[in-house]
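Labels run A, B and C following the written order; every chain starts at residue 1.
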């Protein structure tokens, strides 16, 4: 598919861990405001792709561009730019256990964005409102359920106003009912026009919310297309099988 | 001023034998006293536990140097002739017992409670439980930290020099008094201690890894 | 046994013991603080540093941990002065105790830093924190909290070990005792008194570490749980 101004551009990316080729020439584009579901079996390279976009891994070949800035360029300025553009939420939440919910959110606002404490606090309350956790401002992560922790993690990332948000299997560690509350928050973000790339096992979420589905297999983009279209006529046996097994 | 010579170095190495002897004395003495202490620390009787704890707290809250002085002058009061080796041996024994007792208590407590229960069901008495079930298992975990503590013992024998026992450190001071090259001499003394201690440190670390792998 | 205990020397000499104890406190509080700083920096170097830095800090730790404090003190005091660097007994004591505390702190803090999961660093990275900010705000405090009991014990051990500085005649508590006993010939009694003072100091230091822990670890203070 061709979009006029892609916000995320992935071009022929190759990533190897030693002799293992995890990403083997991956490429696609994401338009602003699109929600992309990246699906596939474990070991298909989907999480690695997300980590490459976030700059947590360096690629051996190919190019990733976010908001017109190439990912992985050396230097702290390029790094800072990437962090302004891209937010990431992890499977294991990765909240800072020694800090309150509020401080988890204001940490980067004060240290990185150099906001005054008061502004940062206001912003924390605002984003916590967006994920429905206003009352947990002064709690510590350990006092929250997994779903609540993940919503705080989303709020923490959201507070920095990234252009693109990456979600790496954010509900895999959660019970079904907790999964629902996190997916609800993500759905809200999608409706508000946030550009999102989500590695997920939740096919229901993918069908309902995603504009674009990327099916990865053996380190390649095996199938890609608008959600309804793709699920209606899977072209490859592997995707058929995958959709069948996930239901 | 006499130049530092090979004779001096030989003198140091020979004195190191006394360091080793004193270390062994302290370790053996400390073990003999430390094991009952460890068992007392986990005893059923509260009084016994308190007594053992008090002893350990007392020793661990007092500098070894002070324990050494107390042992040295205390033996004098009791009418014994002041033999530095005996006084130092006694002080290091009292000191090692407290620390070994505490280390071994941890190892005994690391043996799962179910082992006690299982052997209880089989009708073993308290002594048999220790001898056949608990201590053999505790021993496995106890070896690495015990070897590690031997490093502390070897280093702490240096304090015996203060009451005039001629071991390695005292020998270093004696050589220094005639040659006055403290930097070189004490570096040599330090090196000899290092040669004695480092293998123990390495062994403790290797053994610890093995225990973790084996679990 | 017909020995008569006599603590009469206390009426006249107690100010000496107070002065000695005060110097012991001064020497060891400084050494613990400096040693903690040295150890923390070395621990960071040992975990995050390059191969050379790791080897240098490793050598430092092993050298100090496998040689007696007495010899370390002699090298600083007698050794350095023979090389032309004349230091007072007190300064030498603080240097030697700092170097000693630093080595043990390195090992303790290293374990703490290594217990911080890599994902915490990644999360901080994704929020745009610099390496230094990550270490200061995300790594050090939780790392310290995890090993705090060991750090506190090491602090108490150092305070007790500072008695060895009496051997270079730093006029701290043990040196005071040596002086009083040679004046009064009541050796046993003098060392009993000093032992009691050290026991009190041990308790005081434990209390101080506990209080510092309360101030440092707000989360633990509020929830009472370990990380």
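As a working rule, contacts are C-beta pairs under 8 Å (C-beta built on N, C-alpha and C of every residue); 3 or more make two chains touch, one makes a residue touch a chain.
What you see is a predicted model; the values in this text were computed from it and never measured.
Visitor: When you average C-alpha coordinates per chain, which one falls nearest the overall C-alpha average? Tell me, please.
Guide: C
Visitor: Considering only mean CA positions as chain centres, point out the chain farthest from chain B.
Guide: Centroid comparison gives A as the farthest chain from chain B.
Visitor: Need the CA-centroid distance for the pair chain B / chain C, whole Å please.
Guide: Here chain B and chain C have centroids separated by 21 Å.
Visitor: Where the centres are mean C-alpha positions, what is the separation of chain A from chain B, in Å?
Guide: 56
Visitor: At what distance in angstrom does the C-alpha mean of chain C lie from that of chain A?
Guide: 46
Visitor: Among all residues of chain C, which ones touch two or more of the remaining chains?
Guide: none
Visitor: Taking the complex as given, what residues does chain C use to touch chain A?
Guide: On the chain C side, the touching residues are 119-120, 122-130, 133, 137-138, 141-142, 145, 217-219, 222-223, 225, 227.
Visitor: List the residues on chain C that touch chain B in their complex, please.
Guide: Within the complex, chain C touches chain B at residues 1, 3, 62-63, 65-72, 74-75, 78-83, 156, 160-164, 166-167, 174, 177, 187-188, 191-192, 194-195, 198-199, 202-203.
Visitor: Please give the residue numbers of chain B that touch chain C in the complex, ascending.
Guide: Interface residues on the chain B side: 58, 60-67, 69-70, 73-74, 76-79, 151, 155-156, 158-159, 161-162, 169, 172-173, 176, 180-183, 186-187, 189-190, 193-194, 197-198, 201.
Visitor: What residues of chain A sit close enough to touch chain C in their complex?
Guide: The touching residues are 54, 56, 76, 80, 83-84, 86-88, 90, 92, 94-100, 107-108, 111-112, 140, 142-143, 156-157, 160.
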